[in-house]
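In the two assemblies presented below, subunit A is common to both, partnered first by subunit B and then by subunit C.
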Partner chain A sequence: MKSGRWITETGSSTYLSEAVAIWLRDLRGEFRTRYAVNSILMFAVTTLIAVSFSIGSFRIGDDEQPFLYAVLLWIILVFSALSGLSRSFVKEEEAGTMDVLKLSARPQAVFLGKLFFNLTLLGALELIIVPSFILLMNYEIKLPGLFTAMVVSGGIGLGGGTTIVAAMIAQASARGALFSVLSFPLLLPLMITAIKGCEKSAVGTNNPGWPEVRIAVAYSIVMIVMSLFLFPLIWEESMQ
Partner chain B sequence: MIAKVLLTIWMTAIIVAAFLYADAAVGFPGETSRILFFHVPQAWVATLSFLLSMIASCIYLARRRVTADNLALSAAELGLLFCLLATASGSIFAKAAWGSFWNWDPRQTSIVILLMIYGAYFALRSAVGDPEKRRVFAAVYSILAFVTVPFLVFVVPRITASLHPEDTMNPAKPGMDPKTLKVFLGSLLAYTGLFIWILRLRLRLLNLEGMQEPEFLVTEKMDLEGEE
Partner chain C sequence: MYSLKVSYLCKHYSQTLLFKDISFELHPGEVLAITGWNGSGKSTLLRIIAGLVRPTTGKVEMFFKGESIPKESRRRFVGMVAPAFSLYEELTALENLEFFCKVRGIAYDRKSCLAMMERTGLSENAHKLCRNYSSGMKQRLKLAQALLHSPPLLLLDEPGCNLDSKGMKIVENIIAAQRQLGMTVIASNEKREVDYGDRVINLSE
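Let's turn to the complex of A and B:
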């Protein structure tokens, strides 16, 4: 691998090079086992099929469609993400690789690497689920640009808000349930915003400046910056 | 001791005054406006303890004193209690004034989110075994949750218009009756006093528990190591 250009003149690694190294390592591990991808995607696909099968594409009237479909889409996305995103840290704990990771990278770099990995997973999830949802439910979107921006910024917010929670619950008991319990109150403002934004894009209300997208972007920035501050405290606690 | 007696007399006086001295506000069905003297101070204490818990969490992360974490924990416990009280009393008012106990008014939405955050905070505390780790994680979560609250200010009012009485009942605006204002401020003081009193009791209890803790933990850890 050509990692030479990431290394500084003194030969030491930078935050970014460490983060990218962790990201690539996680991607490689994921490519071999496909554990997180399989569980998240199958969860999402199962939910999508259940929703589509039980509601169908003609049951909900045209007036209600933009709002209700946005709600269903975000429920599928958020709960699929909650089902598998904690994997990024839980797998380190299970494999006993926490200490080695701690030696080889700085805390912020570990956080960024895991964040990149979670965002990659979320990107793959949205790439598959959102088009399938639109096709299966016959979701008419008047403003595709706003819709895309909302889905992307909402995805970044999902990753930004949950990565640090994953780091905490990896060291707690009852991990799976706790991850959803802790993440959901943090994600609620984002979820309400994203639903509103998707509804507007389906109706065709083009507010100048896309306030919902801006709220989601602001949320993502705030959560990622706060996590960068708080993550080292959690990370040093995981020393056994 | 004297403070406790004074607080009892003061609270009793406020409760009597709330029903007998102050007049019912105009524009509310029957006597429903008297909820102001109980519901608003409860919500105020719930907010105050949420803020106090977050500040104590920051202090704990900076200085690592157990007392700071005890303060954060007891403030969160009291916050949950007063949050539940405010939800219940608000719900009774909603039934009397708006016709249903629950209708997802923006104020109700935001208090539910606050309850969920408290619930998650205690779930996290009970799921982490190591005390040191538990304190750090709880403090971190408390700060994270606090950071998301401002977004609710932008998000929640957009869903529906609120029916929550604001203008006729806001003491900062000149619309309030002077008698009502007097009792309201007295009640605010009484509830804050009550909060401080319970908080101090809880802190004393936690400190006493903390004195026993180290010994118990040492033996438990040794047992575990022995088994391995």
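Let's turn to the complex of A and C:
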């Protein structure tokens, strides 16, 4: 056996293959422990039921429904995400696996792997919560294409924003509070855009080019690309 | 082929000086033992060599055929075992090795992973979740993980930690085999482990 097997076989390793390995490992671990899924889903379902019982579909006037329902939907999605998405990095720190990961993987691949994992969780959350919300609240959507594009692009932006904040707070002592405090200003522009987009899809205002979707897509791209540059610095900075 | 050069390393934590002016060179086939009282900085020194901790002053360089390996890449030429390290408890031992193969860019080969488990005496428990492992079995799995990519530099922080006599024999065999592959640095206070070293650095002096 020759020394430095990594050198000779590095041709088979790409950022993407490493990221996929991390993503699949996280999914397998999550499937067995269900820490993040339980935390996110419990928060989302409890909030959804509380909202649907207390507000229902009849207490809000028809004119106000599109805006208020969009606000409620995004509040449920964002705060559910905040309740569990920090786990992606925090669990590595808590379990003591971060150092081995640092010795094995490149930082960008780790970030991408964690991002894929968070996007998978968010996708599952949206698949459950959005149809349930529409049914329970009798949410009438006139432009389903715009609505779907808004929910998907908003979800990607939400995943990008929360993943980089999760990486930043992983070594802090008051992680939970910090995660929410740091995420909120970062996600606010996206939330406002997503609420506007969902409101327009309910009202039926079809602006050419779906500007809110384009803003959310641009936000997601900027957030993910900036995070790929920023994450190696966070990774290095943790080595005191 | 590979060599390690440590120059004037010094590490402070807040106002506390852990060690200063640590310098040495290591070449293939050599084993260096680092010893010292608890808190003297043995583990920190190993973490600095691995690139997991930044030194206050001084530098660590690794060379391949005389060319310096960038710090970011250096970590991937290192195999390290330390008491503070953990593997993924929700995965089986074999899944852990499979993950580290993939993430290190080694073509995953079930047979070589099983062979590695055989080498560390874990083959019968390859499909058991790590959370059900004893501390000695976890230590053996950490050794298997560290050796997976045949690293040119093996850093062993208290390698015999939690191991029984059979486990200690495995460590001895690993160190002997590593002499053919590359360099080894051992941090320990156990006489048996320190004796594996060709040279000893005592951080308490």
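Just so it is clear, the second predicted complex is superposed on the first by the 226 of 240 C-alpha atoms of A that agree within 3 Å, B and C clash if a C-alpha of one lies under 4 Å from a C-alpha of the other, contacts with A are read in each partner's own complex, and residues count from 1 in each chain.
The rule is simple: a contact is a pair of C-beta atoms (placed from the backbone, for glycine too) under 8 Å apart; a residue touches a chain by one contact, two chains touch by 3 or more.
Because the structure is a prediction, the values reported are computed rather than measured.
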For this session: Check the residue A:Leu103 against both partner chains and state whether it touches subunit B (first), subunit C (second), both, or neither.
Result: second
Problem set entry | Contacts of A:Ile192 with subunit B and subunit C, given as first, second, both or neither | first
For this session: Have a look at where A:Leu233 lands relative to subunit B and subunit C in the superposition and call it first, second, both or neither.
Result: first
Exercise. Between subunit B (first) and subunit C (second), which, if any, makes contact with A:Ala174: first, second, both or neither?
Worked result: first
Exercise. Taking the superposition as given, does A:Phe184 touch the first partner, subunit B, the second, subunit C, both, or neither?
Worked result: first
For this session: Applying the touch criterion given at the start, work out whether A:Tyr219 contacts subunit B, subunit C, both or neither, answering first, second, both or neither.
Result: first
Exercise. Between subunit B (first) and subunit C (second), which, if any, makes contact with A:Ile49: first, second, both or neither?
Worked result: neither
For this session: Would you please give the residues of subunit A that touch subunit B in one complex and also touch subunit C in the other complex?
Result: none
Problem set entry | In the complex with subunit B, residue positions of subunit A that touch it | 161, 164-165, 168-169, 171-174, 178, 181-182, 184-186, 188-190, 192-193, 196, 215, 218-219, 222-223, 226-227, 230, 233-234, 237
Problem set entry | subunit A to subunit C touching residues, read off their complex | 1-7, 9-14, 17-18, 21-22, 25, 28-29, 32-33, 95-97, 99-106, 109, 232, 239-240
Exercise. What part of subunit B is in contact with subunit A in the complex they form?
Worked result: 61, 113, 116-117, 119-120, 123-124, 127-129, 132-133, 136-137, 140-141, 143-145, 147-148, 151-152, 154-156, 158-159
Exercise. Where on subunit C is subunit A touching in the complex?
Worked result: 1-2, 28, 47, 50-54, 64, 72, 75-78, 80, 82, 84-91, 95, 99-100, 102-107, 145, 149-152, 181-182
